[in-house]
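Next, two complexes with chain A in common: one pairs it with chain B, the other with chain C.
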Partner chain A sequence: MVERKVGWEPQGSHALIGGEIQRVDGKVKASGQAKYTNDINPPGTLFAKLLTAPHAHAKLVLLNIDKAKAVKGVKSVIVMAKLGDEIRYEGWPIVAIAAERPEFAEDGLRAIEFKFESLPHFVDGLDLKGAVEADLAADGKPLKLTKSLGKSEQGDVEVALKEAKHVHEGFYGVQTITHMSMEPHGSHAAWDGDHLNVALSTENVSGTSGQYVQPVGVEAMNVNVRCDFLGSGFGSKSTVDVWDVACAKLSKVTGKPVRLMLSRTTEMQIAGNRPSAFAEVTVGCDAEGNVTAWDSRHWGSNGLEGSIVGLDVTPYVFRPKNRKSIATGIATNCSPERPWRAPHHPQACAYTQTALDDLAAKAGIDSLQFFTKNLNLTSLPHIYEPELEIAAKLMDWKGKWHPRGKGAGNGPVKRGIGVALHTWNGAANQSNVTLKIHSDGSVEVVTGSQDVGTGTRTCIAQVAADTFGVSMSAVKVSLGSNQFPKAGASEGSSTIGGVTGPVRRTTQQALWKILDLVAIRHTVDGTTLAARDGKVWSGDKEICTWKQAASLIGPMGLELYGGPVTDDEGLTNHQVGGVQMAEVAVDTETGVIRIVKMVAVQDAGMIVNRLLARSQVYSGLIMGIAYSLCEERIMDNKTGRFINANLNDYKLPRIGDIGDLVVEFYEPESEYKRGVIGLSEPPVISTGAAISNAVANAIGVRVPVLPLTPKRVLDALKGAKG
Partner chain B sequence: MDRNHINRSGPGFSRREFLKGSGAAVVVGAAATSAVEAPLEAQQPATKIISAGPHTITLNVNGENKQVTVEPRVLLIDALRNDLNLTGCKDVCDRSTCGACTVLIDGKPVYACTRFAIEVVGQKIDTAESLYSPEKTDDVVTAFCKHDAIQCGFCTPGFVMTVRGFCDQNPGASEEACRRALGGNICRCGTYDGVLKAAYDTAQIVR
Partner chain C sequence: MKPFEYTRPTTEAEAVEFLGETGVQTAILAGGTDLTSLMRAELASPSRVVDLKQIPSLYQVTRSEDGIQIGALVTLADLVKNPLLDGYRSLFDVVDGVRSIQVQGSGTIGGDLCHLPNCWYFRNGYGLLGQENGVSLPETGDNRYHAIFGNEGAAKFVNASRFAPALMAWGTKVRIVGPATKTGSRERSSGLTVGAEWIPLEYFYVTPKTDRQGNTILKPGHFVSHIWLPDANQISSATYEVLQMEGLDWPLATASVCLNVEAGLVHDASIVMGHVAPIPWVTEDASRWLIGRPLNEETASFAADIAVSSARPLSMNEYKVQIVRTAVKRALLKAIGQLNP
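After this line comes the complex of A and B, so read on.
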């Protein structure tokens, strides 16, 4: 008898789920035929561009758009900032121009007359002392740069530090980075009467139509949002922004479709960043290396708001009994942060686990032994311990380990290894689906979700095809429209669990209905029936083909609506653990770091698609290498400007910079049985700490702030010399 | 990537002459540098001087001749995307650094943002769209799918064209050679591992 219970089959018994299945949209993407928002180009489309403020803090004192309006090809000019407005960061939108061709829009921008009166600015999230001094000097005036974000305390840190055998004090930090989605933010808007049709570059297809209502003056039911393909977002594309509103307005005024995508520089300046974080840490352990005390004060800036990495993730993963943390935010004249892949975890991981690694070095204990010994301070020791063992084998930790700065060889290039670990919630989002089974056996799944690059379409098709025992090509997946059943935003690694849960439940329910019809037609016991290989079977006996079975539902077909997955269904779960190890080679003469090898061992509950899941981990490692070694938003204190806001000077790793990447999933039956858990965020978290620890192991000194640029490496070496 | 200035201009057209003669938009720049430019100008006789207004030109794209009407300042990337709706070449960086707009010009991978549209008249342009149809899937596309060298897919067509051009010119290329050849393209999602495997596979097929 085949048990009829919503859920996944036992490990190893799915035909497609868990397998290496290629993307269903791979060919259209690889051949450039996939149409992203940036590519929506119906005839008559006007091209819109923005004039933005070149100041961090200023007052707009002159704005004249008359000449711009008269420029050849310019169809409409919209003012986005009023005379007298306070500009609070560079890149602040001032004017939007729509023209027949992009070059005409540029001509229009050049014809705008404007003038700003500059005001004092503060852009350095590292400079806590400067911010405090500025606050004191302002003496009660509205200027307020620093703000306390609270304190968290447990146990008795002072006593624990006094009793500790080894105590280490250090400074650590991570600079601000941007999201740098390859497709910039933006939209294509077209009105049809009082209906607004938008192609929006968004990770939140179902949740954005309502955001047009107030600023554009349109009824929610008249807004149609589409996003078939998204050129990534990494957390930054969940809102309808002022430039999207301007685009809709330009379209309304001109009566023509308008596309407004941010320029690369504006994208980097205002469309999202990950806040900086810096920490002064004192940490102590006993003679055996058990961490007994953590005392930290951390600060940083997420822009205007002046918020910062939370106390909830400080210290990160390792939570000693005696601990105290104080957080201070600094408000800067920089654009606001947006959620960046695993918001705040990478920064917290970096300042926590580098400090712990320094303590291990002080205690003279192998880093891996030290981290393993302290797993009792984490919430997932049963996951981390086996993962560390697997990673150590893949890295050959024993063979490569040496005490800090004591590697073999006298040459200038030093090798080292490091380890760090992370956790992430990854619970499923609230997604609805409609399932249609046609009488010819073809299957359709429709959902208002989106594919940000994870492979949403593919995973949905895989689950449906697996349940019905049909090929992937028999399943059509439609997503990317707010006219489809509502689905949660793709943020926090919530999508694959969010969509596969309801798809599994609904397809199982549909299958049972069809099998019952087969049972009646063929007079067999329905509970013995199963679908696989395009056929329906009773045990080993073939009863009919899938097509014959589906024809029993009649010409109307079958349509089922599936609500969001719930915790008690056993389809999804939350909270994963992962570990990473890095091996680096550091040239002590030039300060250049080369990644030799990275090992990632990751738990994600039940893996839906091994090929795509591995891509997610590669992705985490490579973005991790980027923020560890090269990418950084550089603000010029004098002018208050983001001086490397372009892809030339904002350094990202290229294909030769990533080393040998080894990805392994930790998927024993105990974890498989938990069901699907989000995988996108976790593998980007501990990369920074692992690489920094490897560099410290190589050169014998800590380079305190990420990214570990050649200058910072040389400065650290010089500082150590004295 | 083709860095050779002699090869970079289409027949009967030189970039320098274009800059000199293309009208108001670039006059200031040309005037400012004229003192330095003069001796070189003397060595290169003028081949063609055209006005700044719109010109109707014929581009050979994916084996077909297509007419577009563009000003001389319009880049190939913009003519392909905005006039011919061939949006496989993506505009990402605005400054010839990321490779997302890579197309083949006479078989060589070139950033489409480094050429004016009028510059490539008479040359053979291939875009990523030519590599897949219901009838035929190019080996590069197949290899990218096999190794999942795709995530969001926005940079992918640029990588695909670089691989196509490089492998045609370097059959049997080693992994290291593929790695060097792909240094002109940026991916943010982190598909490099799959891209390298796909490039290597393709190079072996060409052999």
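After this line comes the complex of A and C, so read on.
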């Protein structure tokens, strides 16, 4: 008898799920046939461009668009900021122009008369002292750069620090970075009577139509949002932005389709960033290296709002009994943050686990032993411990470990290793699907979800094909439209669980209906039937082909609607743990760091597609290497501008900077049984701390702030020499 | 990018004619790797672009009596393929450092020499000197990539040419073509008269006091047509660039050396540092000190100390002193094959 219960098969029993399956859309993407929003440009489309403010803080005192309207080819000009408006960061949109050709739009921008009156700015999220002084100097005036974001306290930190055998005090931090999606934000809007058809670069297809209602003046039922392919978003593309509204308005006014994609510079300036975070930390442990106390004050800036990494993730993962954290936000004249892959975790990890590593060094304990010893302070010791063992083998930790700064060799290039670990929730989002099985046996899955580049289409097809025992090519997946069943935004690693859960449940339910028809037709016990290899079987006996089975449902086919996955179904779960180890080579004469090797051991519950899952971890490591070594938004204090908002000066790693990446999944039966858990965010979290710890191990000195540029490495080395 | 007129001369004389028309703002297009960026950012808005790529003589690499003459449009990729240039290792090192196949394939040696500074204040529209209301932004703002030598005046940017340090160490001359003058040399080409002058590369660059001066001696209507390198015999050369990243990136600092080592002792040396000053920075003191000495880790290190002894870092770029010191030491050792990887 084949048990009819919604759920996954035992580990190792699935034909396709868990396998290494190539992306179903790999070819169309690689060959350029896949149309991203940025590619949509049907004949008659007008090109829109923005005039943005080149000031961090200013008042708009003159704005005249009359001449711009008269420019050849310009079809419409929309004012996005009013005279007298306070411009609060660079890149603030002022005017949008739609024209027949991009260069006409540029001509139009040049014809705008405008003037700004400069106001004082503050852009340095690191400069807490300066912010406090500015607040004091502003006495009574509305300037309020710093704000207390609370305090969290448990146990008695003062006593614990007094009693600690080893105490370490240090300063740590991470600078702001931008999302740097391959495809910038933007949209293509076209009206058909009252209907607005938008191609939007979004990771929230189902959730964006309503956002057009109020600003554009359209009924939600008349908004059609599409996003077939997305050139990533990393958390920054869940909203309809002012420039998208401008695009829709320009289209309405002109009666023509309009395309407005942000330029790379504007994209970097205003379309999202990951906030900076800095911390002064005091940590203590006993003689054996058990961490007994954590005391920190952290600050940073997420732009205007002046918020910062939360107390909930401070200290990160390791939660000593006695702990105290104080958070201070700094409001800066910088554009607002947007969720960046594992929001706030990488920063918290970087200032927590570097401080702990420094304490380990002070106590004279091998970092790995120290981290392992303190796993009782984490919520997932049963995951971290075996993961650390696996990682240590893959890294050859024992063979490579040396006390800080005591590596072999007299040359200027020093090698070192480091470790860090992380956690992430990754619970499923609320997604619905429609499943159609046609009488020829072909299968369609339709959902309003989106593929942000992670392989959603492939995983859906894989689950459906696996359940029905058919090939991947028998399944068609449609997504990326708000006309499809509502699905959650692709945020927080929630998509994989969100879509595979309902697809599995619904395909199983459909399969049972079909097997019941087969049982009647072939006079066999339906509960003995199973589908695999394109056939229906009773035990080892072939009953009929899948096509014959499907034909029994009749010409109308079978259509089922699947609602969001629920916690009690056993299909999905949440909270994963992962560990990472880094090996670096640091040139102490130039400060240049090369990544030799990274090892990532990751738990993600049940792995749906091993190839794509590994891809996710690679991408996490690569983004982690980027923010560890080079990626940084540089705000110039003098002009208040994002001075490196271009791809010449905003440094990103290339393939040669990446080193050897080793990825292993921790998937014992206990984890497999938990079901599907999101994987996108976790592997980017502990990379920074692991690399920073490896650098400290190599050169014997902590380079406190990420990214670890040659300047920071050499400054740290020089500081240590005195 | 503003609209512009595009012209494609086929001779030097035609180019001079297109470039020299009164009242026309012209820009010279070679590989386009810099000009395109400048025009897109509207830092250059020429009304006419003169594309030199149809002038055959600018692609030639020829042996002359006492050296090699290289056309300004020879690309980085072609440079390393030319057997006549086998002896000029320091140039190969430069090409190696340009990690983009696209830039190697389209970038030209002449274009590189004329590359405008990458100073982010300049590139963000504050002029060559990066000034706002008369205040030097590099002096008071973020100067982590700016000059540590020759920065006493208004110019704080660093010369962006990748080849200039190496070429200068070789004692290169550049041929500048422009309208014929009464005093200068005159050459006839396609029935038109043009002026051409060979100038040592070290006189080609200037440290401007005002934005309008530019960073080379090239006047409107003039362009670099060829470079000349002396014979490579007896000379060992090397360039050492300190690159933060393995991909396409500007060096944080670089050093290029030409050495004549006889019987284990340095007979002659030329050391030029790059990306540390508004012009390629020659260190004669270090070169002089090396003469008559054996070259090894210790002497290379000492020479490097001398090379940076007069550095005057700005508020945020002291680390560059250490970086260029390393570049000098390593270029010296690399030239004699003693740099351990």
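The rule we apply is simple: the second predicted complex is superposed on the first by the 722 of 722 C-alpha atoms of A that agree within 3 Å, B and C clash if a C-alpha of one lies under 4 Å from a C-alpha of the other, contacts with A are read in each partner's own complex, and residues count from 1 in each chain.
Operating definition for what follows: a contact is a pair of C-beta atoms (placed from the backbone, for glycine too) under 8 Å apart; a residue touches a chain by one contact, two chains touch by 3 or more.
Because the structure is a prediction, the values reported are computed rather than measured.
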First, second, both or neither for A:Asp194, with chain B first and chain C second: neither
Chain B versus chain C as contact partner of A:Gly656, first or second or both or neither: both
Chain B versus chain C as contact partner of A:Ile622, first or second or both or neither: first
Chain B versus chain C as contact partner of A:Gly411, first or second or both or neither: second
First, second, both or neither for A:Asn646, with chain B first and chain C second: both
Partner with the higher number of touched chain A residues, chain C or chain B: B
Which superposed partner A:Lys638 touches (first chain B, second chain C, both, neither): second
Partner chain(s) touched by A:Asp715 [first = chain B, second = chain C, both, neither]: second
Touching partner for A:Glu9 - first (chain B), second (chain C), both, neither: neither
First (chain B), second (chain C), both or neither touched by A:Gly591: second
Footprint overlap on chain A, comparing chain B with chain C: 103, 646, 648, 652-656
Residue numbers on chain A that touch chain C, as the complex places them: 54, 103, 106, 110, 411-412, 589-592, 594, 629-630, 634, 636-639, 641, 643-644, 646, 648-649, 651-657, 709-711, 714-715, 718
Chain A contact footprint on chain C (complex, rising order): 1-3, 37, 99, 118, 120-121, 123-126, 132, 137, 140-142, 144, 242-250, 252, 316-319, 322-323, 326-327, 329, 340
Residues of chain A that touch chain B when the two form their complex: 22-23, 25-36, 38-39, 41, 47, 101-103, 180-183, 229-232, 234, 263-265, 452-454, 611-612, 614-615, 618-623, 646-648, 652-656, 658, 661
Chain A contact footprint on chain B (complex, rising order): 71, 73-74, 78, 81-82, 85-95, 97-98, 100, 127-132, 137-138, 140-141, 144-146, 148-157, 160, 179-180, 182-183, 185-196
